[in-house]
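Okay, got some structures for you below.
Two complexes come next, and they have one chain in common, chain A, joined by chain B in the first and chain C in the second.
Then we have the complex of A and B:
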């Protein structure tokens, strides 16, 4: 498993999995996949397989956490022990604590929190298989789960990463590109409001390259957003057809 | 008790910033007064205290012998931890690290790691078996806003001040000898944080500005003006234009801040 590929991208700009620099991995999304959750979504983004479930608005436990003027949003990002090459301990790692926080902060601007004071909305994300870019795919699925739960939202948040491998700015890094590439810029967007709700970066980029990466990630987000909306619509179109 | 005053003040802060002014008289892109002291804890291999206005952060480093990670057998190990000590703020509580201290530690860690600040290959004693492990512990002693920049600066200053014991290998055993060498540093990462208040970005938010901000963004720069880490936080958003503006301002601010470091 340690054989490193010689080049992550060849002279013609073809990447390890045959994609062009600005091409997304295949994405498949389903909504309403969990019967107990108020809203849920499942996403396959490349080899990422991620389930998101939303519960709420519901009573806050423990009670003292309740907010008097708005809803409390809680997120838990968690990776299954079998989701990665080496078994991951099921106890929450520092990485998972941080990601839970940034995912929550990426969703919160999109939700009308003030509509449900003294209640909680819990969003649970389980990464069943990881393939680079799990935080972005998690946000895409979690936003749909919240929408599926019928919570009023300003926009449906969508996320995608861009980065740099060899000397090229590329869209949607997969595992190898994430680990061996030189920079990774995950970004979440409210596409209708043109508002960035999550932005992180690690690696080395010049300010100009960073600007390119942000623009590319935004383009990627818009493409995924179309799939997101189609998926959500399809659920209700299907119901209509049954009724007729 | 203080919340009524704060609410009024909060409104005042936001209104002033709208006009391009700040309650403490600073320009929107000004830092508070910065003081850096190095080598203040003799027991630590390296240490620094940073005062950013009234925000006070101490960072100490410890160097130990340990094993490298299997995927980087020739590199020393860096571990960053941050402690929001309860004496620093009425909002900090004792107990296991919460998400805020974990996030703080990880932002500081990313700045150092991604800029390749430490020449980790020089920390290798025996590939795959023995390396130096560098622990950076960030201690927040007084919270008056912008813990990220103060902590990142304290961590970099402490690393620059870090001494490592010399060693000899005798019959396959590593023996620490007398005398010290300086921790090999290649880069000096600096992190610059903005708060978004209304539609304006302000550099180095103090506590009350943090209480009114919609969101914050932190950017770490290396010596060659490259961005090496970014973290957005808070329950708000940034427009793509604001992000680019922040990157350009941060680049200049990082250059100025770096001059305050001694090496």
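Then we have the complex of A and C:
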């Protein structure tokens, strides 16, 4: 890989890829990209390329996992071997198992689980290309896939990260800032209900810095949410035009 | 408090979590939910506001999730037959095709109003069957065919696999001349 850059942020406050500290990477979202899944979404968040598919509600196998009073949500986060610079073993790593859990727990509060007892909802997230902040982009895509599958939801979850790079609080860290920066705060939000469903912190921040990072991440979430909703609406407007 | 909820009209495209109004002005109906006195949509769909009854509902735009419910008519393939029960792989609930399959069980006592001796004279593995869900207790869907409209809709010969034709003497195979028995629905092979 190329050498470590001297400065992650220059004197004018411009980051490595030319962004301002409170600027998001370019985001492109597609819904309903997979015909075999009940719901699906594809997100390009900067250099991240992530595909999410949702299946269900369907019968649970093995049967003993079924819950009698609500639906079972199963998530699988997986990185393709070609998603990173050095080939990643396709076997699920400790990190992937944890991220699967994190995605599941951030989606769970948004779904009406009690409507479909004894069934399972399977969400598969495949990272095709990774460049920092994949967990947030994955949550954004996974929530859209679930909404596309027609599952009743309280809100469409959206996620974004903030962090600290060279004493500056910045929004939406990319890979290099994540690795060389000093802190990372991923946050998932239900924007209409204004409820946080995921909040993690990696690194050290003071209370003030943390507060600043959380507020910045919430602002970022709201911006992504607007794109997310626009995409989902566009799908149904298109469908209607085809019918006419 | 604010006036943004009073400009509601029917036919608007809404997404899950979109605010539709407050419970003081509307009665929440299908496709909506209430949290802290505010009505939100819970599906992707178009709003339907009935100003005479003050009801607000959301008509879903996508296929929606389908699961067998008690009272629903389902269609499935018979996956196995024992002396007194048959297992059915349900692939359709009402008019909705499922993405996967749900397993249902049909018991001889629920086949017809009259006494049925054995499940083997009702259906065979591979047949397509229409049934009604009568219970979802004990972690399984219990089915019934106690109706003229319910029963086997497509049956196949156990000998050669050709589709059977409904004749006076029973189910007749045109290929090998075999005669079998089934509990057929009124619209068999139609």
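By our rule, the second predicted complex is superposed on the first by the 243 of 244 C-alpha atoms of A that agree within 3 Å, B and C clash if a C-alpha of one lies under 4 Å from a C-alpha of the other, contacts with A are read in each partner's own complex, and residues count from 1 in each chain.
We take it that a residue touches a chain if its C-beta (ideal position, glycine included) is under 8 Å from a C-beta of that chain, and two chains touch if they have at least 3 such contacts.
These numbers were taken from a predicted model, which means no experiment stands behind them.
Taken together through their common chain A, the two structures put chain B and chain C side by side without a clash.
Touch criterion met: A:98 reaches chain B, while chain C stays clear of it. In the superposition on chain A, contact is made by A:55 with chain C only, not with chain B. Shared-chain residue A:210: touches chain B; no touch with chain C.
When both complexes are overlaid on chain A, the residue A:237 reaches chain C alone and has no touch with chain B.
With chain A used for the fit, chain A forms the apex of an angle whose arms reach the C-alpha centres of chain B and chain C; rounded to a multiple of 10, it measures 110°. When the two complexes are overlaid on their common chain A, residue A:229 makes contact with chain C while staying clear of chain B. Touch criterion met: A:191 reaches chain C, while chain B stays clear of it.
In the superposition on chain A, contact of A:148 is made with chain C only, not with chain B.
By the touch criterion defined above, A:16 reaches neither chain B nor chain C. Of the two partner chains placed around the shared chain by superposition, neither chain B nor chain C is touched by A:33. Superposition on the common chain places the nearest Cα atoms of chain B and chain C 14 Å from each other. Chain A uses residues 190, 193 to touch chain B in one structure and chain C in the other. Against chain A, in their complex, chain C makes its touches with residues 13, 15-19, 31, 33, 35, 40, 42-44, 60-65, 67, 98-103, 136, 139.
Against chain A, the residues of chain B that register as touching in their complex are 99, 102-103, 105-106, 110, 113-115, 215, 217, 219, 222, 225-240, 243-244, 247-248, 251. Looking at the complex, you find that chain A touches chain B at residues 94-95, 97-98, 100-102, 105, 108-109, 185, 190, 193-207, 210-211, 214-215, 218. Partner chain C is touched in their complex by these residues of chain A: 38-39, 55-59, 63, 66, 68, 110, 112, 116, 118-119, 147-156, 190-193, 229, 232-233, 236-237, 239.
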